[in-house]
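A single structure is presented below for examination.
In order of appearance the chains are A, B, C and D, and numbering begins at 1 in each one.
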Amino acid sequence: MSEITQRRLRAGIVGGGTGAFIGSVHRIAAQLDSQALVVAGAMSSDPARAKASAEAWYLDRSYDDFRKMAVEEAKHPQGIDFVIIATPNHMHFPVAKAFLEAGIHVVCDKPLAYDLEEAQELARLVEERKLVFGLTHNYTGYPAVRQAREMVQKGEIGEIRKVLVEYIQDWLMDPIEQTGQKQAAWRTDPARSGVSNCVGDIGTHGENLLEYITGLKIKSLCADLTSFVAGRTLDDDANMLLRLENGGKGVLTCSQVACGEENNLSIRIYGSKAGLEWHQQNPNYLIVKPKGKGWETWGRGQGYMGEAAKDCTRTPSGHPEGYLEAFATIYKNVCADIRRVKSGQAPQGGYPTVQDGVRGIQFVVKAVESSKKGATWVDL
Amino acid sequence: MSEITQRRLRAGIVGGGTGAFIGSVHRIAAQLDSQALVVAGAMSSDPARAKASAEAWYLDRSYDDFRKMAVEEAKHPQGIDFVIIATPNHMHFPVAKAFLEAGIHVVCDKPLAYDLEEAQELARLVEERKLVFGLTHNYTGYPAVRQAREMVQKGEIGEIRKVLVEYIQDWLMDPIEQTGQKQAAWRTDPARSGVSNCVGDIGTHGENLLEYITGLKIKSLCADLTSFVAGRTLDDDANMLLRLENGGKGVLTCSQVACGEENNLSIRIYGSKAGLEWHQQNPNYLIVKPKGKGWETWGRGQGYMGEAAKDCTRTPSGHPEGYLEAFATIYKNVCADIRRVKSGQAPQGGYPTVQDGVRGIQFVVKAVESSKKGATWVDL
Amino acid sequence: MSEITQRRLRAGIVGGGTGAFIGSVHRIAAQLDSQALVVAGAMSSDPARAKASAEAWYLDRSYDDFRKMAVEEAKHPQGIDFVIIATPNHMHFPVAKAFLEAGIHVVCDKPLAYDLEEAQELARLVEERKLVFGLTHNYTGYPAVRQAREMVQKGEIGEIRKVLVEYIQDWLMDPIEQTGQKQAAWRTDPARSGVSNCVGDIGTHGENLLEYITGLKIKSLCADLTSFVAGRTLDDDANMLLRLENGGKGVLTCSQVACGEENNLSIRIYGSKAGLEWHQQNPNYLIVKPKGKGWETWGRGQGYMGEAAKDCTRTPSGHPEGYLEAFATIYKNVCADIRRVKSGQAPQGGYPTVQDGVRGIQFVVKAVESSKKGATWVDL
Amino acid sequence: MSEITQRRLRAGIVGGGTGAFIGSVHRIAAQLDSQALVVAGAMSSDPARAKASAEAWYLDRSYDDFRKMAVEEAKHPQGIDFVIIATPNHMHFPVAKAFLEAGIHVVCDKPLAYDLEEAQELARLVEERKLVFGLTHNYTGYPAVRQAREMVQKGEIGEIRKVLVEYIQDWLMDPIEQTGQKQAAWRTDPARSGVSNCVGDIGTHGENLLEYITGLKIKSLCADLTSFVAGRTLDDDANMLLRLENGGKGVLTCSQVACGEENNLSIRIYGSKAGLEWHQQNPNYLIVKPKGKGWETWGRGQGYMGEAAKDCTRTPSGHPEGYLEAFATIYKNVCADIRRVKSGQAPQGGYPTVQDGVRGIQFVVKAVESSKKGATWVDL
């Protein structure tokens, strides 16, 4: 038994300082299954905020600068095993590059990078360094989602004909970026967010979920992006028609201005044998609609669920797991791979990787291209 | 008080013989509020079936031929006040024409006609004869739908940004038209159905509902129609992007091959002040999502509902009304207008008319045109 | 073929004049399937209101007095085949007696009578005269309810262990009987309502539904009745423990003062093989919870439903039927039996009868007795 | 700033070894907010299993014996600040006693003890030693539950009239205790479970939730306990009528044999101003039913939620929190009090304590007493 199997992994974090809810999400998720403990961080570019954030989390080591952190942790005898990147989009690339070059494994928030060139460069680097790179498309960590994927793989849904995906929110229905809301400010800023706000932030989750569950690639799309709120240069809403590689058709709609919606990510898949339906806001249940029978509601934690769902289930049925637990599953899978790689074994995957990140950026770029051409069809 | 206000109206029916569920729906709906009684019919082109159907309904008079019925009823001292047209699409025009020319008011199933030319000719004829013409876009008869429309009209939803409409079923997911199912046979047959099956049969309900509630016209659309089931020449599925006259955006998806779906007509409307959501399969409730507050579920029959909803409410809250009651509301409104016209008063409307029928056919024609051009944008 | 099979039945109504919603409910329900037409009425004890009500319904004959109506209709060549009793409780007995003695079949609202003596007298009279007597425990007319009963009968639920029934409303949460609300006034008045308000009005529906679906008798009960609203002598709320004849246990709770509840009649049945759940406010669906499998939602109108449900289904799945349709099913079943009896055939039942009415009154009397003894156990 | 505010607390655990799901629940919950880390344990009475369990969790110190653990940890320079008790019921008392006497704070699973004497002795000991004692009535840690309590406290619900509580499951619907299922074995064994199985295990959660939210005491109860599964001496089902101290009435039903139910804890509260409804299986939403208005669904994480809910909210609305997060809230509150006490400040509470535990045992004892007397009323 190697040393790496006898202890928690040590994690560091870049970004995610006080005020950014996603920072705590990453910390809780990384630590939830006791496979890792966050011990170091460069949590803000503002030194005082970095220090205060690290103290609030009881970290052992706090840095002002992520490049310094990468170098020093690589040398430290109790140095971190992996880094968590929880910064705005435009910082994903430089941070990831610094840690990969220091030989440190990475878990990065999505979208992978600011543009396609950066994304491809990261993919190249990961390949070259043989490091583990997890991308937190966290919704793939829900047991019901993994169950859905397994059912499609086993042929229980039949040939897929139609897929309806939506991800709708309302938090940007007013121009809160003009009143100092930091999350809104960077997401609506092309310099920090990239070519898209809404499609990049949430549309990609829809694309990833669709391809993850169905195992099908989107072949082409026709996207109509809109900026509803005055003064915004990037999209805050999008509707898309999709054509899948198998001849199936689909719709993806996403919005940050849909009044009254919280975080409504939903997917419906219609095959020749059954339909599937899942709603992130009630995530413990998967609705199965077999041909000629009543609708079935399958519960997380039940004995009839498949192996993929059971592997990421922590509590019995009826004891709901939520967003943090799904997020934690990504970390659990990544930690297992880091242990494997550190022990000289081959990684096994099971979580979104840098390749999924490249795919996501391609999707965003193509959606924007389609919309700029007047919402015409483009191949993906 | 004129005679016409002192008795039930007398109705006739063309089509709807035994086996066609829509026949009974029209009869029940026409009679539900005791404003009319069906007394005569040409219920089938097959004389024996016409006779048997009329007997099953205890009709006073049965005809083998609708043209003869129009002529004779116009002369009969107890002749019908209006005719119900419940035939396949391609017969709407000749039947409506025959009765309009005989001076008899009409209630016709949708879509209005086989093609745009017929639809426009009917509109012209109705205008010329000053007759009442109701089109059974029955879903506009639900109290919750009328409530939604009233709330939009009063400005309670604000400027509408996004509309998502869907109408999905699974009854044609197999080629049942090849095994003698009559409803399926005529709907999938271009000679009887027109240029579209799915968009014409159910997509138009979505279009009508969207324009009815929002008061906005669809300005242009980009439609991707598909025939999923082998051997079918007409569409059994469609996805469309919509642009509304006010700058709002939308999606309309309809399908007859979505495994496990019953008759799922749903609409979600997002404005600058509130969101609205209605599901035909649980039709007594309207979900209102006001900005910055909890979701509200408004119940049919409650004191806080507006006048439009109250006018078509028959039972107290919690005593569900359904499809037949909504359908009956169209008849109730039409009967009131027939009484007005027969009493020399001006009609007041409040139900879908021949003009809505022309609009619906335009929508179907344009959706088909868009799809044939490779799913590109066309103006409506 | 006898004459009675070649025409609609003719119905009369006592009570149900303008303002009493239950009057229209009975008329719509009686006529919905075109098996009967209401042609005569004594719709109010107030002659002017009786006349206006009859005119609003286009009735052929209006009476000021129900006794006169019974006598005259019995002699009339086009006299009524059955009478509908839609009066307050205390009038059920004299009206039913008058028409039974005139040889006219009866459909009566529940509870059957003012007290047990009256109820038993009516049962005796029905037996003696060999007349059809339908009691409108209308909730037994829902297809999902009949499906539930059939599943229990077929043993698909197994041995029943636990039943939870509730019927909760809020319409009497304030003393509206003091401000002229007629429905509230007679229901809360012991002289017109009987020994109980809440248990008699809605608790009996719960009891009837439980025994109807499970086929089990309530053996004993322990009831705690309360009058929450000041100035009320009769109960407006009740909670009961139940013991069933097979050793099963249950709870029945009913209320007219449960703030925010509309007409929430729900039942849950737990057997050794499956659970069942039905909610009147979303009545088209029956939830089945088979052991070791996902929850199933069975839809009215689906091919997998049993014969009992299919027999009372009018529209395809997804085209919701509601309260009026369920009510109409009772009438459809009663009309079929009246035709049988008038044709010299044996009645077949399938609807609640005078015997169910006697049982209901016993239940009410025993619940009141239990509560008066301090909420102790009494046998039923 | 004292040392205790500058580090995570150190926790130990007794029980909860591999195979007992509740062990992981406690660990995850204790650590979730980074306020504590589990470092030591006596996780099983079987030494090998104790060791393996501790290694799986990467604990620093493992013990074979909880008494030894108490003594040694009290002396250790890096000793634990508090102990978690996750054993079967009959061990709660000796373990709690050992650690309290060693001056170590305690978090104990419910029910508090095997019988009332033990419970009262623990309460005495906690009082004497001035130690923090948290009882994991974890459902009080849900934000929606705290919101409900706050709304009641602020008078927004009005005078409470009726409360309906249920906690129903099906995991004991077969005699799995006879086939080696450990959780079932000890719960159905009077020697380890106490005088009740079902009421003690889950009925108490219902009682606690009712009193927690309403702020009202149950004054008396009438309970009908049943053992449905052959061979079982303790109850696996119970129905109870409740009378509250303010004149309100209620029903509590609990079951472990209700086929198809997962972990269905639900509560409905009806006041003179509004109704409230919460379902543990969809815990992020609180349903509010204000008088004369539509039903409202309040979402965890929304700006309109009150302080009590916000204090225990980790993720934005629409990003569901679940069972583990609610459990973690108890730990977060307890940890804050331990820091206060260790810093010489007064504890502030906000979590279930030893007093709630005594109350819970009284409730169980009285329910059993009532049932043994034939389901008659007893005061609580």
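Points worth noting:
We adopt the following convention: contacts are C-beta pairs under 8 Å (C-beta built on N, C-alpha and C of every residue); 3 or more make two chains touch, one makes a residue touch a chain.
Note that the structure is a prediction, hence the values are computed from the model and not measured.
Steps from chain B to chain D, taking the shortest chain of touch contacts, total 1.
By number of C-beta pairs in contact, A-B leads over the other of A-B and A-C. Chain A and chain B have centres, each the mean of its CA atoms, that are 44 Å apart.
Once the centre of each chain is set as its mean CA position, chain A and chain D turn out to be 34 Å apart. Distance between chain A and chain C, defined via averaged C-alpha coordinates, is recorded as 55 Å. Shown for chain B are the residues in touch with two or more other chains, namely 261, 295, 299, 302. Residues 6-8, 21, 24-25, 27-28, 31-34, 37, 55, 57-58, 169, 171, 261-264, 280-284, 299, 301-302, 314-325 of chain A touch chain D in their complex. Those residues of chain C lying in contact with chain D across their complex are 158, 161-162, 164, 166, 170, 173, 222, 224, 226, 228, 237, 239-241, 243, 249-251, 253, 255, 257-261, 268, 270-275, 288-291, 295, 374-377. Only residues 288, 292-299, 302-304 of chain B touch chain D when the two sit together in their complex.
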